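Below, chain A partners chain B and then partners chain C, in two separate complexes.
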Partner chain A sequence: MNARLWRLYFLGLCTWIIAFVFALNFGIPADSPRDLISQLRFPRALLASAVGIGLSVAGAVLQALFSNPLCEPYTLGISSGAALGAVLAAALGINFIFFGITGSAFVGALLFGVILYFISRHRDTNNLGLLMAGVMLGFLGSSLVALWMALADPNGIQSALFWLLGDLSRARPRGAFFSLFAVLSLTLAAWGSWRKLDGLLMGEQDALTLGIPVPRVRTKMLILVSLLIAVCVSAAGMIGFIGLVIPHFARRAVGSLHQKLIPLCAIWGAAFLTFSDALSRSLFRPYELPVGVLTALLGAPLFLLVMFKRQGVK
Partner chain B sequence: MTEKSLFGVYGMSYSYGSELVLNEVSFEIEAGEILSLLGPNGSGKSTLLKAAAGVLRLDRKQCSGIIRYRGHDFLKMDHKLRARSVAYVPPAIRAEFPLTAFETVLMGRSCQATTMRSPHYEKDRDAVREAMELCLCWSWRDQDLHTLSGGERQLVALARGIAQQAKVFLLDEALSNMDLNHQAAMGRVLKTLAGKGCAIMLVSHDVNLATEWAQTCLLLNKGKRLAYGKIREVFTEENIRKLYPESSLVVAPSPTTGVPKIFFGNQG
Partner chain C sequence: MESAAVSRFGLAGILLLLPLCSFARDITDSIGEQVRINDQPQRVVALIPSLAELTADLLDHSLEKIVGVSEFSDYPPALKKFASVGPYNRVSIEKIVSLRPDLVLASFNGNAKEQVAHLRELKIPVVVVKTDTFDEVEESMRLIGAALGRKEQGAAMAQAFRTGISKIKARGKTRTSVPKVMLQVGDSPLVVAGGENILNECLGAVGAENIYSDSRLSYPRPSVEDVLHRRPDAILVLQLSDSASSRASAARWDEFKKIPAVANSKVAIIADQGLLRPTLRMIEGLLLLEKRIWGEQ
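Let's turn to the complex of A and B:
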């Protein structure tokens, strides 16, 4: 079992390195200046890795937090909350401070997260109700982003697309390093609570009787996940599906115990998004696809396939 | 409160909306005692058990009552200490995430470990193995929970409770889906635990099963305590008819062990 686990980590790391090299060498025409790689492609690949890690880990933690395997930043609308916060901050003119945008994205994500938390605590809410509420919140947030953009500027819909479909082209060296650092520290913090996250998988009541201080863990994890999502969304917009697909496959590979799951989610998430982003800008050169379109194109059929296969086995 | 009692619930009331589900219910369990909690559907048995396990207070504020473990206020104890004192075994464990039986029982150890230890720490593994062997589920330790039947999952849930190495066990319909073999085996396990000084509280719709193992009995009707005491004193035809008025039930001693059992009367 342990050898298999290391093999999976190793495989993921290799895939990520290959994707990274691929991302550095393909995409933009070859006659561009030399520092293209160091100034554009390298930070972009770095940011893709950071966001991939962040969203996958956020998805895995959210699934434990709400003990529902269909939760993730995008389906629960928390990404929309973050995007809304970031857009408002940019509009109010505090975009010259990097922390300003990330900070208000955090406020937006936390606000949506807290709303969901209270909805999930309501006694008539089941898993389905929670997801419905999340999807509705997501629509609300996205529409408000689009509305704000359209009202602020006649071409605003174009930039709204950045937030709504995700785009890694705004990566800059310093920002990318900051994102990676933030995401890695938050991932480590979540990893440290693996036993508590494990207990939450059994539902709130069981977790309590297993000795897990559920209210405290939930508050801590909600803040942690909101921070993760804020860092990712403020740098790259809303990228869907990663938070759902990567934890799902990682669980099938190593089971649900978070000590093994979170590192695997991080590695696979980084590899998947780096690869998707490299593809999204090289497939239809010179045009770029928003990376969210590609993750959904790759992720959704794969996900459905696995679902059907699983149904067949039952 | 007597000196001997290990665990006690005093004046427990609980309301769900405007409906009063539990009305001032009290009981005590001593070390070595098996207490059986009986009552019709909706009488508040599960609610009482969950309240005693300390999981309801978080949900709503309409819950009052005192829970004491060895004289301490149970709800003010540290969460890990609570789990090391009282184990709650639910009627079913969730299987929405891919988890093996072993990993599920391992979660029962989270109250024992310090934070950064490996889950395969030898002591944990030994405790899990012991609990699973006791509950006859060691042979499917590597199987995924959702491939197991309801009864098999209940064995896993019981093993998880035993792995907590608690002193008090609260079992909520925890044997209801097991076959007769497993029920008999788990009855022996419960008696062994009681023999080691544990206190066990058992909710079951299988009345005859409950009287076989328990020494004391608490009858609950519409959230109120109907009777509480030794099985032979409480388990009378009069009390049973109050609990289940629609069916003509007869109480008679078991031909083999002599404890009172319920039979259907002539339905005519």
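Let's turn to the complex of A and C:
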């Protein structure tokens, strides 16, 4: 079992490295001058890796926290907060701390995260309640975005629209390193709580009986996941699918125990998004496909295939 | 001896570097940004079709200085063959960098601001131009002329533009009535020219009134009900794609006989895109607009 686990890690790492090299060598122009690689493709591949890690790990943690396999980074509505921040900033031309949309998306995500934090601290809140509150916040955020789009000048919010579909082209060398560093630290912090996450898998009541301080774990995980999502979504927009499906693939491969699961999610998430982004840039030059479209186009059939194959074996 | 050698090499070095640095100059673009560009840029990229057209006009016959244009740059037709950097609202930074431009021309409202910022971070000289009023169009002709190293041509074009506009405006002032016009740019959803738009100024110049000049948007999306309420005397459909779809858009008004424009058969199509081009073609577009509103004269 242990040898198999290492093999899976190793395979994932190799895939990621291959995807990274592919990402550095292919893009919109056929030739690849060196400054193009160092200034544009390298930060972009780095950011894709960071976001892939962040979204997959956030998905895995949320699925454990709510014992619900349909949870994903966007279920809790934090991403809608980011979207709202981005659209408002684009429409009003506000520039926050760093690059316009990125900064305000981060602020929006944090704002929604803080609201969820206070809801989770409320003594009557259980996991289901928090989940419902998150879903409602998500609806609220996305309808406010839709409201703004209906009323505002399409000119101003166009860049926010692209951002909503998932956009890694904003990657900058320093920003990408920062994102990777933040995502890795948060992932390590989540990984450190693998025992508690395992306990939560049994459901809230059983976890309490096992002596796991569920409310405290919930709040801690909420903070970690909110930060993870805020970093990923503000840097790269809403890239769907990864957070939902990579944890499922990983769980099929190594089981549900988080000590093994989280690292595998991280590696596979990085490899998958790096590869998808490289494809999205090189398939239809000079057009760039929104990377979220590609992740779902690649991933959904693959997922169905694996699922049915497994049922056939049964 | 040693110092003489050093100074000789130093002098040679300076002489070698001289041609490289002496031709750079600073230029202030429409948003007040200082941009350092070559005296005679040799590799120009235009990020929006209208600026590609303006560049082509100003360069006259030396189109080989253009190395990249945005998608759908189709006028003059020779531009169709140039390397594409993608659609104007989301150009490919990678493609632009690989073209190694020494001058990039961007539109303030057309191009994404953070893409312009990104190009500047990559040390690519970007001149941003505003073309939302007649004055801004005139200014952009001078600015791009200067940026391309064709100052005289730019100034001449700006002067011709000013003369053309003032002639049209003078004619517009002599009109005895002021028809209420709706300028439609798209349907389902209905999109019209609002107040913050050069089309609004165009209507005013020819002596008409834009029924949506009160909108603070450049392209508002009013309901059909609201159009019925405002009772335009003329509806002009600006053809942006094929003629069949414009005819369909115009025909859609047929059922609303209560609108004066429909009752008096004053629903027309403007097939020329000159009104949206910040070049001398805009004058032609205005003449056509005049003809559509006031008929042949």
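Everything below uses one rule, namely that the second predicted complex is superposed on the first by the 231 of 314 C-alpha atoms of A that agree within 3 Å, B and C clash if a C-alpha of one lies under 4 Å from a C-alpha of the other, contacts with A are read in each partner's own complex, and residues count from 1 in each chain.
Throughout what follows, a contact is a pair of C-beta atoms (placed from the backbone, for glycine too) under 8 Å apart; a residue touches a chain by one contact, two chains touch by 3 or more.
Note that this is a predicted model, so its numbers are computed, not measured.
Residue contacts after overlaying the shared chain place A:L210 against chain B, while chain C stays out of touching range.
When the two structures are aligned on the shared chain, A:L36 is found in touch with chain C, with no touch to chain B.
Contact with neither chain B nor chain C is seen for A:P301 once the two complexes are overlaid on the shared chain. In the superposed model, A:R170 makes contact with chain C only, not with chain B.
Of the two partner chains placed by the overlay, neither chain B nor chain C lies in contact with A:G129.
Touch criterion met: A:E288 reaches chain C, while chain B stays clear of it. In the superposition on chain A, contact of A:S256 is made with chain B only, not with chain C. Looking at the complex, you find that chain A touches chain C at residues 27-29, 31-33, 35-36, 39-41, 99-101, 152-155, 158-159, 162, 169-170, 172, 281, 285-288.
Within the complex formed with chain A, the residues of chain C that make contact are 71, 84-87, 89-90, 92-95, 97-100, 109, 112-115, 117-118, 121-122, 196, 217-219. The touching residues of chain A, counted against chain B in their complex, run 63, 67-69, 121, 123, 192, 195-196, 198-199, 201-206, 208-215, 251-252, 255-257, 259. Chain B meets chain A in the complex at residues 50, 53-55, 58-60, 79-84, 86-88, 90, 93-94, 96-100, 103-104, 106-108, 110-111, 113, 115-116, 118-119, 160, 164.
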